[in-house]
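Chain lettering (A, B, C, D, E and F) follows the sequence in which the chains are written, and residue indices restart at 1 in each chain.
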Amino acid sequence: MFFHIKELQYHAKPERPDPLFAKQLQEVLGGQFGEISVALQYLFQGWSVRGNGKYKDLLMDTGTEELAHIEMLATMIARLLDGAPVGDLETAAKDPVIGAILGGMNPQHAIVSGLGAMPADSVGNRWTADYIIASGNLLADFRANLNAESQGRLQVVRLYESTNDRGVKDMLAWLIARDTMHQNQWIAAIKELEAQENVVVPSTFPRELEKREVSHVLFNFSRGNESATGRWANGPSIDGEGTFQYIEHPQPLAKKPVLKPAPSYIHDTLPSIIKNDMVPPNLS
Amino acid sequence: MFFHIKELQYHAKPERPDPLFAKQLQEVLGGQFGEISVALQYLFQGWSVRGNGKYKDLLMDTGTEELAHIEMLATMIARLLDGAPVGDLETAAKDPVIGAILGGMNPQHAIVSGLGAMPADSVGNRWTADYIIASGNLLADFRANLNAESQGRLQVVRLYESTNDRGVKDMLAWLIARDTMHQNQWIAAIKELEAQENVVVPSTFPRELEKREVSHVLFNFSRGNESATGRWANGPSIDGEGTFQYIEHPQPLAKKPVLKPAPSYIHDTLPSIIKNDMVPPNLS
Amino acid sequence: MFFHIKELQYHAKPERPDPLFAKQLQEVLGGQFGEISVALQYLFQGWSVRGNGKYKDLLMDTGTEELAHIEMLATMIARLLDGAPVGDLETAAKDPVIGAILGGMNPQHAIVSGLGAMPADSVGNRWTADYIIASGNLLADFRANLNAESQGRLQVVRLYESTNDRGVKDMLAWLIARDTMHQNQWIAAIKELEAQENVVVPSTFPRELEKREVSHVLFNFSRGNESATGRWANGPSIDGEGTFQYIEHPQPLAKKPVLKPAPSYIHDTLPSIIKNDMVPPNLS
Amino acid sequence: MFFHIKELQYHAKPERPDPLFAKQLQEVLGGQFGEISVALQYLFQGWSVRGNGKYKDLLMDTGTEELAHIEMLATMIARLLDGAPVGDLETAAKDPVIGAILGGMNPQHAIVSGLGAMPADSVGNRWTADYIIASGNLLADFRANLNAESQGRLQVVRLYESTNDRGVKDMLAWLIARDTMHQNQWIAAIKELEAQENVVVPSTFPRELEKREVSHVLFNFSRGNESATGRWANGPSIDGEGTFQYIEHPQPLAKKPVLKPAPSYIHDTLPSIIKNDMVPPNLS
Amino acid sequence: MFFHIKELQYHAKPERPDPLFAKQLQEVLGGQFGEISVALQYLFQGWSVRGNGKYKDLLMDTGTEELAHIEMLATMIARLLDGAPVGDLETAAKDPVIGAILGGMNPQHAIVSGLGAMPADSVGNRWTADYIIASGNLLADFRANLNAESQGRLQVVRLYESTNDRGVKDMLAWLIARDTMHQNQWIAAIKELEAQENVVVPSTFPRELEKREVSHVLFNFSRGNESATGRWANGPSIDGEGTFQYIEHPQPLAKKPVLKPAPSYIHDTLPSIIKNDMVPPNLS
Amino acid sequence: MFFHIKELQYHAKPERPDPLFAKQLQEVLGGQFGEISVALQYLFQGWSVRGNGKYKDLLMDTGTEELAHIEMLATMIARLLDGAPVGDLETAAKDPVIGAILGGMNPQHAIVSGLGAMPADSVGNRWTADYIIASGNLLADFRANLNAESQGRLQVVRLYESTNDRGVKDMLAWLIARDTMHQNQWIAAIKELEAQENVVVPSTFPRELEKREVSHVLFNFSRGNESATGRWANGPSIDGEGTFQYIEHPQPLAKKPVLKPAPSYIHDTLPSIIKNDMVPPNLS
């Protein structure tokens, strides 16, 4: 069960409206690695933990915080849209500043949301749950979380670089710091789990059932051997189960597949035609 | 530029047709962490590397191998669909085995693809590039890759557990082993980069610009303190830049936001109405 | 800012596992009118209210409650999936009960989420923000909310009819009651706003600017006059601005459109060819 | 069965081309509440009515009219795109008017549709049937329709405000008037049904089966009591079945859920690890 | 402008309900090549024709007929769903026929549409305008249409093969015949245009501007020369502009690309790190 | 199995950066008819061919070449993005050139991909497998391929017209030539198959089972007879099975459908209400 506090976790007030930056800022609200993604990802992971304890709590703590970040961004975007102009763009283009605003802003911010934030990214794609990950395996999922916070912090930093508004920068500096913590925390959680399991997910599948002869092999499928110099091709494997090998000229291990004809009720091309290697006489 | 070899990287031959397993196997061909996802993710990352060297080569090597895995799965699925029955399901239900096949298989395998594999997951959602990640920052992206191989191996293992077909299990055991290698290799690459940068992505953003007072703080946003016992709330931070802190009762730092009214040409609800806290007389 | 309470708002415990009903129940978690939709719809509307007061508070209250409903459904679904079988479906089909479970359950519940709830509907489509609505105009949006609660209660009722599990029915009876309240509350809010504005949204657009001659006209575009007997074709219009009219034989008011040719750099079909009404000689 | 008349229902001729407004106008052709949405929504509802009579006829009449509106908008957009420039944007930017056109127009209008309208919204998202609603319950669906016409008229009004072209404004004034009628008609139809059923959808579910103790309760889930002053928290409920109540401090009614461990073949994190609240020794 | 006739173009009455076939039949209503696709594809093409005459008329004639086919399929599906059972699937599974129905039908047909047809395909994916094509170039688009009718007839034939219901087969036999005509008509229209233009679309691009040295070359990018025996590798090219050539060992024509480093404000991985080919000392 | 050659198939080097054209060029990389579409379409068709021989080889040859085209476009786009500016757009708008760049470029090229190409189209929609087609019937699929190459070449030509950059034009001229070949080759393959089967797909369905009385009939569903003058309404049908007929006034062949009421557990509107044609007394 949740409660809402009307005060914001942190300030979300720009110095001045900027409908163009509002459009860009949508990326970290409703994009692939925006706050909706991390909020729902952590909550769904938390609700699915089978058992209880600190991992579940950590997921719920962080997921609930991310809801507050959605709120901060929604507030900031609405304020950046304050008084966004509407009007004939061709006329406006005579004033290049207004023309740039009208041409560059997201038209849905005026037409659809009435100057509110949208659950969408910086090009207007609506948020989709295709972005989120919850597998029931915590080590796998914490890696997903570390990735999400890495991509997310990178995007917020890029946005920080592209505005001069001190109010916006102040809020982004807060979000960047929180992403610093969240990267730290998922790394810490990953280390705990790796120490108890193995670095390879899932750790519970018996290694003797996999084809161990290729478990530590780098196949060189692109001409040139630069990749042979990496750690991944030299020395003991990270999982402690073998030694990295580099195979310069990988060979196929199975024959050309030939599929059987389909039954007649499927109406694929007839085998007699597929097999015919001759140019038909009337076309030659 | 690419070349194709008609032989398969590894065997993809089931003992017998199984249209129901064909449907499930689609998950690791065309699902969120299927082979299309990793192939295109690694190739797009590789094409975007600004510079050259072993990382780009590693991405191209691995992305190119994943194309071979798409091929193996497409071949296996077509063979599992060999001679899939069609027919009146209600009649078929009198034979529970055929009824289960007709009721449980993906109808598009008959109607749409003509017994071929589809670029879709196990419930029939078509593959989408929403699944893939390429940011230009290799540490961020290698974490995405490690996650993809962790989720992917987990899914293949779950599929391995749910079939008795020795041909299918043989191929899955190969894919599991390759995922073992790929997890190993991305961890190795991550370690290399972390050793040269910092664990926090992006490492190039000046730390003094973020709100350092919350860079290592775990806020307790869910009632109960289980999360206080984790490594993430105790001791030096993983990034070597501070000490983890646990805040049991986080407080909001900003006031309730009040947004300004929209301009009249937006036709949002009028401020006079929004502000009116009284029940209108004719409704009381 | 939000806080999370670990206890559930209401019980979410089935009498026994039922992976097939788990699949169906996903509809009201992650479908078009599921709990994710109403939670995010109300929160986004609340965050966008320009001004403050009871309407914003009502939106935040209800949106926050819906988060608790997501949690209840996620918990219920995970429990319905307890111990879901995996295995060879063709073999299982020999036991029709297990065959029906394996054939009818959502394969992603095993392969992808590891027996957790998914942010998806009953056929496996991932949730998308295409489902939600927030326009900045409260009367419009409260109508969207009334619709959402009407569709939602209807779906929950249909699910209630299709299970015998007393634990599931108990939780659904709670959700049905909450939807009763939510329909009541949005109707009450709509009545308040209609009393202050007009029934037509937006009320602030000057009526003299619209083509008033067709503002209260029902055009009969399908052969037969059954629709002429409704309230909408007889008597004063609901908005108090005119009288309903029924036009049995509507006529077009504009000529056939003829579009100008495209410029040559667009490479559309040449005008000389489009205009040519003759069968070309070599085809006649 | 349908027939097409080549004349337009109403004029769709702009004074002059305006590729930028063409992009914006796409919203009400192919957006969430555009004409494709209402046309297909009403037709699908009409085809699904089980029985016959005035409601079905009303749906078919209106759905068929909306097809004519798609046609008018498609014609208008093609004309607004007449002679849209192509060319090097950087060069063009030296003439700010042409630069604004090239930078602000939808590139797909040139590259993909060859200066034709697209089945997409103002940011280029293709139309999806996720937007439409047809449940078989007419009261629920007429509420969906009332919402669609409310959102739709609001969007058309916003577009009306942002152009100076008298031809465009003329057509939009017609569409606004039709949306006035359509809001009126759905309200009239809703009133008819509510008078025969109850305001709560579906009216056929026995009230004694729902948890009546929470059927008229507003839970205060956000700190502050502004929402307590609304009609929804005071007096008899709108459905005539009770009295509104306001609960200031809602309490959870169920215990913390603890999910059982997953079976081993799912390969979720092991229960022994999830339960472990200790920091592993080698990390402390 | 359109008119609707309540009578159906052709019969749409099954002998008996069959909820399982209803699910499959959705493919040709709301799938990639279903009737919604062809209806909207032809209408959008028609509305975009710049000019007038027989091609535009043909598109409008056929698009309008396809609306009648949507209606027939929607009617048929609703009738196939007549009295679809709901209930506890596990209990039902004891009667294998009812179990197969409940397990195999689309749950949204009961929960969402209330036994109505849905704008979705046979696995429940909602229809999307991603499926349709309208480019402004009629030869290109008529090829799209020929493909759509080819895929569509193939799918209807496959459905015809999988039912015993004489009412369903009767309607499908009608649709198959119409698809026969539609394939014939698009071929006829294509031949007319090819006779006036060239077989290569667009015919208006000056041939001397393309790299003519590779305009008729088949590159052999997969090991083995089977493709060398086809008409496409021998004799005069179809467009009459050259002679087909087969190149057995294609060579790259450009050097390895090396991308410049990104500017620092993008925070991609630093060039110093990307260039470093050495294993870092602390990992060796 | 695949191999990668680091050299490019053809040059992909612009004269200068142009982030605006980079956005447009995405259309032919990740749009509906971009290189990802044709690559995966041909490969999936190839993998599904049941049998072997020249058609399968042709598909694999061409699909593999298209992978090289994705690579060329990804490289070109990254170079067009070299040093793309970031910054305050309102400030930048004072320099109209920079303002146009910032306002017109795809913001995700900076925020998300870090100046890399994206798997998306020119308005930012991510690529989806909804775009691709593989049915198992080669004649149907080669028609899909011919359409794809026709639409694709048309789009590349339109892009060629809108840039002055000689490096970009050089690469596009190469791609245009390859599309010339690919149109030629699919036409050649279609002719081969049509010569062995029939022009109507699938050729294997017995003609006597379809409703032959409408197999060669053009119904005139739109007022006006322009379409009567085409080849499709006159003379022998293309498939050699009949004679084209034109029916000026098509009549419905089936009665108005009336659907049976739904069972009570579906909670559709009650039949007693649907049948009621009277205005309820309290509304009259």
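Just so it is clear, a contact is a pair of C-beta atoms (placed from the backbone, for glycine too) under 8 Å apart; a residue touches a chain by one contact, two chains touch by 3 or more.
The structure displayed is predicted, hence computed values, not measured ones.
Peer 1: If more than half of the interface residue numbers appear on both sides, call it same; otherwise different. Which is it for chain C and chain E?
Peer 2: different
Peer 1: I'd like the angle of the rotation relating chain C and chain D after CA superposition, in degrees, nearest 5.
Peer 2: 180
Peer 1: Taking each chain's centre as its mean C-alpha position, how far apart are chain B and chain D in Å?
Peer 2: Measuring from centre to centre gives 29 Å for this pair.
Peer 1: In chain C, which residues are in touch with two or more of the other chains?
Peer 2: Chain C, residues with two or more chain partners: 1-9, 32, 48, 50, 52-56, 60-61, 64, 68, 75, 78, 86, 96, 99-100, 103-104, 110, 112, 114-115, 123-126, 128, 130, 135-137, 139, 154, 157-158, 161-162, 188, 191-192, 202, 205, 221-222, 224, 226, 229-231, 250, 252, 256, 259-260, 262, 265-268, 277, 279, 283.
Peer 1: Considering only which chains touch which, label the overall pattern as line, ring, star, complete or other.
Peer 2: Shape of the chain contacts: complete, all pairs touching.
Peer 1: Quick one: in the complex, what on chain B touches chain C?
Peer 2: It is residues 18, 20-21, 23-24, 27, 31-32, 96-97, 99-101, 103-104, 121-125, 154-155, 158-159, 161-165, 221-224, 250, 252, 256, 258-262, 264, 266-271, 273-277, 279-280, 282-283 of chain B that touch chain C.
Peer 1: Which part of chain B faces chain A closely enough to touch in the complex?
Peer 2: 5-13, 32, 52-58, 60-62, 64-65, 68, 75, 78-79, 82-83, 86, 110, 114-115, 128, 130-131, 133, 135, 137, 139-140, 143-144, 146-147, 150-151, 153-154, 157, 160, 173-174, 176-178, 180-181, 183-185, 187-189, 191-192, 199-202, 205, 209-222, 224-232, 237-239, 241, 244, 250, 252-257, 259-260, 262-263, 265-268
Peer 1: Inside the complex, what are the residues of chain D that reach chain E?
Peer 2: On the chain D side, the touching residues are 1-9, 30, 36, 40, 43-44, 47-48, 50, 60-61, 63-64, 67-68, 70-71, 74-75, 78, 112-120, 126-130, 132, 134-137.
Peer 1: What residues on chain D touch chain F, complex-wise?
Peer 2: 1-6, 48-56, 86-94, 96, 99-100, 102-104, 106-108, 110-112, 114, 123-126, 135-139, 188, 191-193, 195-197, 202, 204-205
Peer 1: Spell out the part of chain D that touches chain B in their complex, as residue ranges.
Peer 2: 154, 157-158, 161-162, 226, 229-231, 234-235, 265-267, 277-280, 283-284
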